[in-house]
Amino acid sequence: MSAPLESRQRILDRIQAATQPSAASAPSYAALPRSYIRKGALTAEARLTLLIERLREYDAEVVESSPEELPAAIAAQLTASGKRSFVAPAGLPADWMASGFDWKIDRGLTSAEIEQAEGVVTAAFCAVADSGTIVLHHSLTEGRRVLTLLPDWHLCILRASQVVETLPEYFDRCPQPPTLVTWISGPSATADIEMTRIKGVHGPRFLHVILVRDQASPAIKNN
Amino acid sequence: MRASLFITCYNDTLYPETGRAVVALLERLGVELDFHPRQTCCGQMHANTGFRGEAFSQAKRFVQLYQDAETVVIPSSSCVAMIRDQYRGLFEELGNEALRKQFAALLPRVFELSEFLLDKIGVEDVGAYFPHRVVYHASCHGVRALHLGDRPYRLMAKVRGLDLATLPNVERCCGFGGTFSVKNAEVSSAMLATKLQDVVSTGAEYCTALDNSCLMHLGGAMHRQYAGMKTIHLAQILASTEDSPAEAFA
Amino acid sequence: MSHPVETHAILDPTLAPPFPQAALNVLRNPQLRKNVSHAIDVIQGKRARLVAEKTDWQELRSAASAIRAHALEHLGFYLEQFEARCTAAGGHVHWAADADEARQIILDLLRKENASEVIKIKTMTSAEIQLNPFLEAQGIRAFETDLAEIILQLGDEEPSHIVVPALHINRSQVREIFARRMGLKNLSDDPQVLTAAARTYLRQKFLTIPTAISGANFLIAETGSVGVVESEGNGRMCLTLPRTMITLAGIEKVLPCFDNLEVMLQVLARSATGERMNPYTSLWTGVTPGDGPQNFHVVLLDNGRSPMLTRPVERQTLKCIRCAACMNACPVYRQTGGHAYGSVYPGPIGAILTPQLMHMQHAQSLPYASSLCGACYEVCPVKINIPEVLLELRSQVVNQERKQVLRFFDPMYLGLRIANLLFSRAWIFHAAQRLGRIGARLVTRKDGWIHSLPSVGGKWTQTRDLRGLPSQTFHEWWAARGKEAK
């Protein structure tokens, strides 16, 4: 077997010989066709309606709330779940952690400890209405990736201003490419047995969303 | 309107009645037809099996034969696809500049039959009468290479007495595929069985298409299985009138 | 009673029987054919609905095709950029010229970790290099965690599709495998129950095995990130919980920029599973302290890919994003399923990729395993003109084969060379037609049809009659008509 650097050079040499590229890739990249739909055409209200519809198609439960009612809405969701122990990302707002439940805040929890929790509550970075996708960038309010993976129940707090219609619009919202991303479109599923879609293989089987209407007036924000 | 008929090697040998129907149809529509006696084959069989050198020589012959034709009409979508999709590559690989130019000049003048009727002559109602239940098989080359779209349906819609059945999975390949039908005979036959199920389920008397190649394959199985259905090229339906029914060309 | 599953499929192109022969085994298996056609009908139906709804579908295809073509055109540049950015983010990048090197690199990494077990996310690339048997032989157990892959691993079976690898196996067959290998009595064949059994079986493995191997759907050059697209969450488990992650990726997987995903993700899910978006897509960049594996390696695999870059007609094969839309649309695959192709890459993409990865030394029957119907090209999200590549590869196979002396006598070769001679001159063609008419009378029955032919013709008459040659060719009729008119 060749030494590592030899293989690297050999492969690059073969590629070079085969493609004979010009020095700069930038010009031809700029010329790539981008005539697909970039910006959605729905009003803000229609966008939210679409997102809710898509989430519910995945059997995610969606409720709406005003910013003022949010802590109460969270408490109601937690109570309805019948669960007691929850994990929270390190930066989760304190008033989201309703009293009457066991909270473990992630300041370096082990997998075993997270595995003990029955549910998790997080914020999100963005949601894409077209595909019903929730995007996590794993910031302090969204939590490390393991937090939204091991517990069986995930409550995601989404602000209406975080909702875009199309996937390209999500990319427009990233000031720079994120280091860690998880795109979630419904609870885990498999169709490996006779193409019958079965939910809940690994990852949370139950996804709940509170959509916080943080926009002053739906009519004002049209895009 | 003048046109040169390229009958195709297999129609010439196996389905001359399709050629006779094309002649009757086009002459009825006022087309002055000529037929180049030295024509043989477009080269598709060889090209599709990987015999490029041989295909090139046939392609070259075709282009040279028809370089002065005003229009070439061909009752076979696979042959037209061969000319449109593969000739340029063959001539770039094996031909010279003169030949490439000749071909470029000829290409816009080559038409499949339904294209000729609708796009060149501009006629949808060819005055045909064919009082039978018919199912139309959409050959792959017609659908995906020539993008014939609704042309055959528009023509059939104007054929008096024709009862057009709806074919489930209409765009699924029948399994002929040229030499595939013998190189992979068993898979070809499995695809044929699946296709026949759909075709026979329509209860039609005739199965028609714009390619006798598919019809040879479908019809061959229908005959073997006593399936109670016959195949007929769409040209023969379009040529059929009260005075001269399709059988007259057989 | 469930039929026993097919067990001895050989997916090694150097050993597998030619496609026509391999197909025979399958064509006589009604259960398998039903399983396959049911599965692809479901995906096709879902895909069709979503494509119809996506009004910019063709624009997305054009963009996806252009992005992939551009990445391949400048592959060296983007691979080096990926390596630099990934390394800067704490990852280690290795280059494997072939399967042997890739296996050895992975083994060395596992040995460093004293790993005796690994958990794996489904990756066809690892099947391509036959990684699992190699690791087993070295005393390292590789546990597949994807439901389909578990079914295959426990059932001692081979994948037959690149997205839904166990689509040839139905629920009662799965029940039988799980009951036997997981020791579960009274297991029903309800897919819900079977899936729950898999979830339980794997949970402990995810939480305790510290080493994982994955593939990659995408490598992002701009950021040095890796993207994995999945449905079940086993991927997320493997790329989050262990300490060591090894990602094996073909060199062609690289995309220039992060936002290229706005196109690729839209076309991939719709093409692969008929969904607007698959449940989980994960993207990670090198090592993030405190989150996920702290020891991260990428193994870039060539294994026959770089030579394919040389000519545009073959290079387009590498645009593939492994969505399997082509095999779902393929009327040949519908009849045979994947095993008949004798490769981990079956169907239309397999028919062009496999022989090329083998430097055209094996799998030469695969380019002929197609009726050239074009359905694959129509659905390919990155616009690979598969029929065009099939024709090119057929020409290469013929050029190879015709050098072999014995091919001279092969009926197909003989026949085609004679046909070429016939077509070269009208008088030869016409003479042959007249001779053919006379000869055909010998085999034409009273009903005017030929029911049996020898040699290559016999392959036709196995299942089809052939109408006897008409007594007059078209050109003879035309000539006679012309004489009449005078």
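Per-chain residue numbering starts at 1, and chain names A, B and C are given in the order in which the chains are listed.
Following the convention adopted for this analysis, a contact is a pair of C-beta atoms (placed from the backbone, for glycine too) under 8 Å apart; a residue touches a chain by one contact, two chains touch by 3 or more.
A quick note: this is a predicted structure, and the numbers were derived from the prediction, not measured.
Taken as a contact graph, with one node per protein chain and an edge wherever two chains touch, the assembly forms an open path, each chain linked only to its neighbours along a line. Overall, the chain located most centrally, as judged by its C-alpha mean against the mean of all protein C-alpha atoms, is C.
Computed from the mean C-alpha positions, the centre of chain A lies at a distance of 31 Å from the centre of chain C. In whole angstrom, the spacing between the mean C-alpha positions of chain A and chain B is 53.
Residue ranges of chain C in contact with chain A, taken from their complex: 35, 38-39, 42-43, 55-56, 59-60, 62-63, 66-67, 70, 72-80, 89, 94-97, 100-101, 104-105, 146-148, 151, 164-167, 170-171, 174, 191-192, 194-195, 198-199, 202, 206-207, 220, 222-223, 225, 231-234, 236-237, 240-241, 251, 256-259, 261-263, 265-266, 269, 273, 275-286, 288, 290-292, 300, 302, 306-310. Residues 19-20, 23-24, 27, 33, 331-332, 334-336, 367-375, 377-378, 391, 393-399, 412, 416-417, 419-420, 422-426, 429, 433, 436, 449, 451, 456-457, 459-460, 462-467, 469-470, 472-475, 477-479 of chain C are the ones that touch chain B when the two sit in their complex. By the touch criterion given at the top, residues 1-2, 4, 7-8, 10-12, 14-19, 21, 25, 28-29, 32-37, 54, 108, 111-112, 115, 128, 130-133, 138, 144-146, 149, 167-168, 170-171, 174, 177-196, 198, 200-203 of chain A touch chain C in their complex. Chain B contributes residues 7, 9, 11-17, 19-20, 23, 35, 37-41, 43, 45-52, 54, 57-58, 61, 86, 140-141, 143-145, 171-173, 175-192, 194, 216-217, 219-221, 223-224 to its touches with chain C in the complex.
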